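Consider the two complexes below, in which chain A is the common component and chain B and chain C are the respective partners.
Now for the complex of A and B:
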């Protein structure tokens, strides 16, 4: 019996672990190995350079620029999709007519490709006939021709807005799932006691939405680090690296400048940052499990 | 229904306010998509003259005609299918196998392995880009569809394993034990007992995986060079040069490229949303 179980464990678990190991785990370990070399992507051999790449990283102005931009994106991720998703979820949960249709509308962008989302928003920000400038012109009476994506001061923020548009639906759905878990009698009792709706939100709903909030925030932050496609489409990190993020910086150094050793060192930094976030996230989840069990 | 429904706002005027709020937000939210739809049915000249944001006077289909006359687009679509279908199937099959073991045949340390596999879904792909490039280069697979098929099969394992393990956990152990007593082996339990009742979970995964793989851009960007190996999303970007000011053609292209995933979303939205929330919350 026990040997039977052991046999099937191996037979069933070996293929997925093998594939996962070969195409995910082993490359991850390999990234660490390349990060201490000066490999250029082509030559058969690469020289060991120790921690030289990491030393260079922390003195590289472009890296500092990328990490600041990634931090801005992350901070925006904490606020934009989270806040908008929460607001939408609260509105939808009030028993409003047509909630199902609204839900679908807000959710739709999440299943669009980032490439298409980027394309759509290039048109919103298009200087001559884009929706934003058209609306601003109509509202002010003057002709607006601002090139949002071509100016260092606005490019990054424009991309973040487009990205948030796509992420909001995900946050909304998770908050809606969280709202379902709030016991109805609690809110009814509050209602009977004459507690105002805004007070119900701040005293009952928000505290009870804590687990959902943790999930939304963690996902948004992690997804902000993953945001590459949409940035590649909309600005490519430009103009003048003004919208470069860690992911984009890593791609540029590795696949445009062919500094693969240096690129690997950047991936190692990216890995450490992500790992820290996941660690905090899992710990928070576990703490919550303990509270709710 | 959820907690707050029914008992609040309704009948006191707040319902109407909420409805109007949501309608305005929904219109704002839809505006970008409507813009693309409108552009696809307009000539470049009309768009350049600032006439994008009005309803088309006549049904103008030249943009779509242009796309379907372009042989590259057909190749991109076929390539995308050739990557998406096998990779979706493979990742689900691998996830089913792993999920079954983690749910029904756990062993000492299996929780830790499970956690390790699942956390794979959180990392940015950039961290394994270079070694994979080197690996596929050594295997002579650069500029074929194989890297995408293999990577998507592997990168799909975390989410597929997570959802399948959670689903199999809800299958009563008594069912498996009864089957074992009758002399049925583990493989038969998996394929004849566990899988038939997990069709909803499989539907969730099929929708999620198909959409994500179809929409992918990064891997073909790294692993393909020639035009006849591109997938649709990369093709979309490479055709931007060819149609640089032909905004209408670009709009029509975006629509055609998104059509399969939109159709899936329309029909399987339930599954899609359930998958996204389960994947997120149970992570």
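Now for the complex of A and C:
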């Protein structure tokens, strides 16, 4: 009986474990392996270089640039969709007319692929006939021809706007679900006690939205770490690496400059950063279980 | 502390009329209970008093202030919800002090009031706990404490005991009665439970389908229900309602023939409007029924079911050859048994007479 159970456990768990091993663990182990070589990505020979790649990373100006951009990217991805999503959720939950329609509209971008979203915003930022410049021209009365995506000062931020626009719907939906879970009585009790709406938000709604907030923040961070395709479509990391993030930097070094060993080392650093963030997230999640049923 | 005056108040949700013209005056310090079946509009009326629900027409005044169009904060009421509505992320004392803190009350004053409420409700040992760590009864006490600390003009309770189990409900009922005695504030209490209404109220307001059926002291309503609805709603088990017919009416002297039963003569106040041949309903409380040996009594009956409640016995009686059942509440010493053939005797002074309009006809004292 006992061995029977064990047999089926093994049989049933084997396929997913095999897939996970083959497509996650193996490549992961491979990146660790390549990260201590000078492999170029296709040749048969690769020499062991020890921690040389890592030493190089921490002296590479492009890496520092990518780290700073990644930090900006992540901070923006954290703050903008979360804030906008929360504001929209509060607004739509307060029973404004047509809330259902607006929920769908704001959620729509999430259903689009990043490539499509990127293309939409390329058109919006297009210097000559893009929506943004057309609007600015109309508002100011002067011809406005700024190349948002082609200027180092604005490229990263333009992509951040596009990215936030897409991610806001997701945050909104999660916050809306969180709001629905707050009993109406709680806010009515506060209302009878003469607590102003803004104080209800800060003292009741936000604390009670903590579980939803943790989910939104975690998703924002994880998505922002994965947020490679929209950058690739809109700027490709340019101009002059001004919108390079770690993922973009890794891609460039590995596949454009044929430094697979160096690229793997960057991916290892990215992996460690991701792991740290996820670790913090789970600790936070556990703390919350102790407060809420 | 203030009185509450409700004048010609109505409430419609869309096209549906929920409160259909309510007039009420609740004097300062009174414990008023709104009672009625589920869905009759008790909560809606209470929420209109609190300001949480808008008033479709009519006026509501608390003390000297017309609060009809004011937001809840300006009414000076405090509300205790059926769900307790405690903030899960705050401790007991934070829950109780929340309203005061948010409105910038001085710290010392907040502490004094929370301490006072905790003493009244015996919550002193629990002040640092979270709601999650409390039992249902304790949670409800915190919810009441949150109302007390605000020193409201009027306390509003919406079925505060419905989520508690039976024994705790009785215990909390006593505590609420004690609370009212101790602080003497005006309280309006909503319940669908007629026992809560009878035991707690200075005055009961019976609501049905958005209208006031009758207002009066518990004893008033029990002894002199104004209509069939109130007669049937208050009292456990319910009043027996028997079909009957006016046999003869001569001024205030009226004789009534009970279907399958005796001819009863009684005296009704002038203006009863009953004429010979007119159908009426006779109401009789289960505890006003006497069982007699078959042959002696006026109305033969068989005992179908007997329920022993300890100090008393509930007997379900059937009139032979009819679908009518009558419930009697008897002394435990009555020795009634299933299958007994007996006869029903009425205590005539305790009979209630209702016309076809459902309204009670006033009995004159000493009528036989």
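Criterion: the second predicted complex is superposed on the first by the 288 of 293 C-alpha atoms of A that agree within 3 Å, B and C clash if a C-alpha of one lies under 4 Å from a C-alpha of the other, contacts with A are read in each partner's own complex, and residues count from 1 in each chain.
Here, a contact is a pair of C-beta atoms (placed from the backbone, for glycine too) under 8 Å apart; a residue touches a chain by one contact, two chains touch by 3 or more.
Keep in mind that what you see is a predicted model, and the values were worked out from it rather than measured.
Partners chain B and chain C, brought together by superposition on chain A, fit side by side with no clash.
Contacts of A:163 after superposition on the shared chain: neither chain B nor chain C is touched.
Aligning the two complexes via chain A yields an angle of 80° at the C-alpha centre of chain A, spanning the centres of chain B and chain C, rounded to a multiple of 10. Contact with chain C, but none with chain B, is seen for A:199 once the two complexes are overlaid on the shared chain. By the touch criterion defined above, A:183 reaches both chain B and chain C. In the superposition on chain A, no contact is made by A:73 with either chain B or chain C.
Once the two complexes are overlaid on the shared chain, A:191 sits against chain B and chain C alike.
Once the two complexes are laid over each other on the shared chain, residue contacts for A:63 go to neither chain B nor chain C. Legend: residue contacts after superposition of the two complexes on their common chain; A:207 is shown touching chain C, with no touch to chain B. Considering which of chain B and chain C touches more of chain A, the answer is B.
With the two structures overlaid on their shared chain A, chain B and chain C come no closer than 7 Å at the level of C-alpha atoms.
Shared contact residues of chain A with chain B and chain C: 183, 186, 188, 191. Only residues 183, 185-186, 188-196, 199, 203-204, 207-208, 210, 291-293 of chain A touch chain C when the two sit together in their complex.
Interface residues of chain B facing chain A in the complex, by the touch rule stated above, are 1-10, 14-15, 18-19, 21-22, 25-26, 29-33, 35-36, 39, 47-48, 50, 52-53, 94-95, 97-98, 100-101, 105, 107, 113, 115, 117, 119-120, 122-135, 150-151, 153-155, 157-158, 161, 185-187, 190, 211, 214-218, 221-222, 233, 236-237, 247, 250-251, 254, 257-258, 261-262, 264-265, 269, 272-273, 276-277, 280-281, 283.
Here chain C touches chain A in the complex through residues 50-52, 71-75, 77-79, 81, 83, 85-89, 98-99, 102-103, 130, 132, 146, 150, going by the rule given at the top. Contact residues of chain A toward chain B in the complex are 4-5, 8-9, 11-13, 15-17, 19-20, 22-24, 26-28, 30-31, 34, 41, 88, 91-98, 102, 104-116, 119-121, 123-124, 128-129, 131, 134, 165, 168, 170, 173-174, 176-177, 179-184, 186-188, 191, 197, 205, 211-212, 215-216, 219, 222, 225-226, 228-229, 232-233, 246-247, 250-251, 254-255, 260, 263-264, 266-268, 270-271, 274, 277-278, 282, 285.
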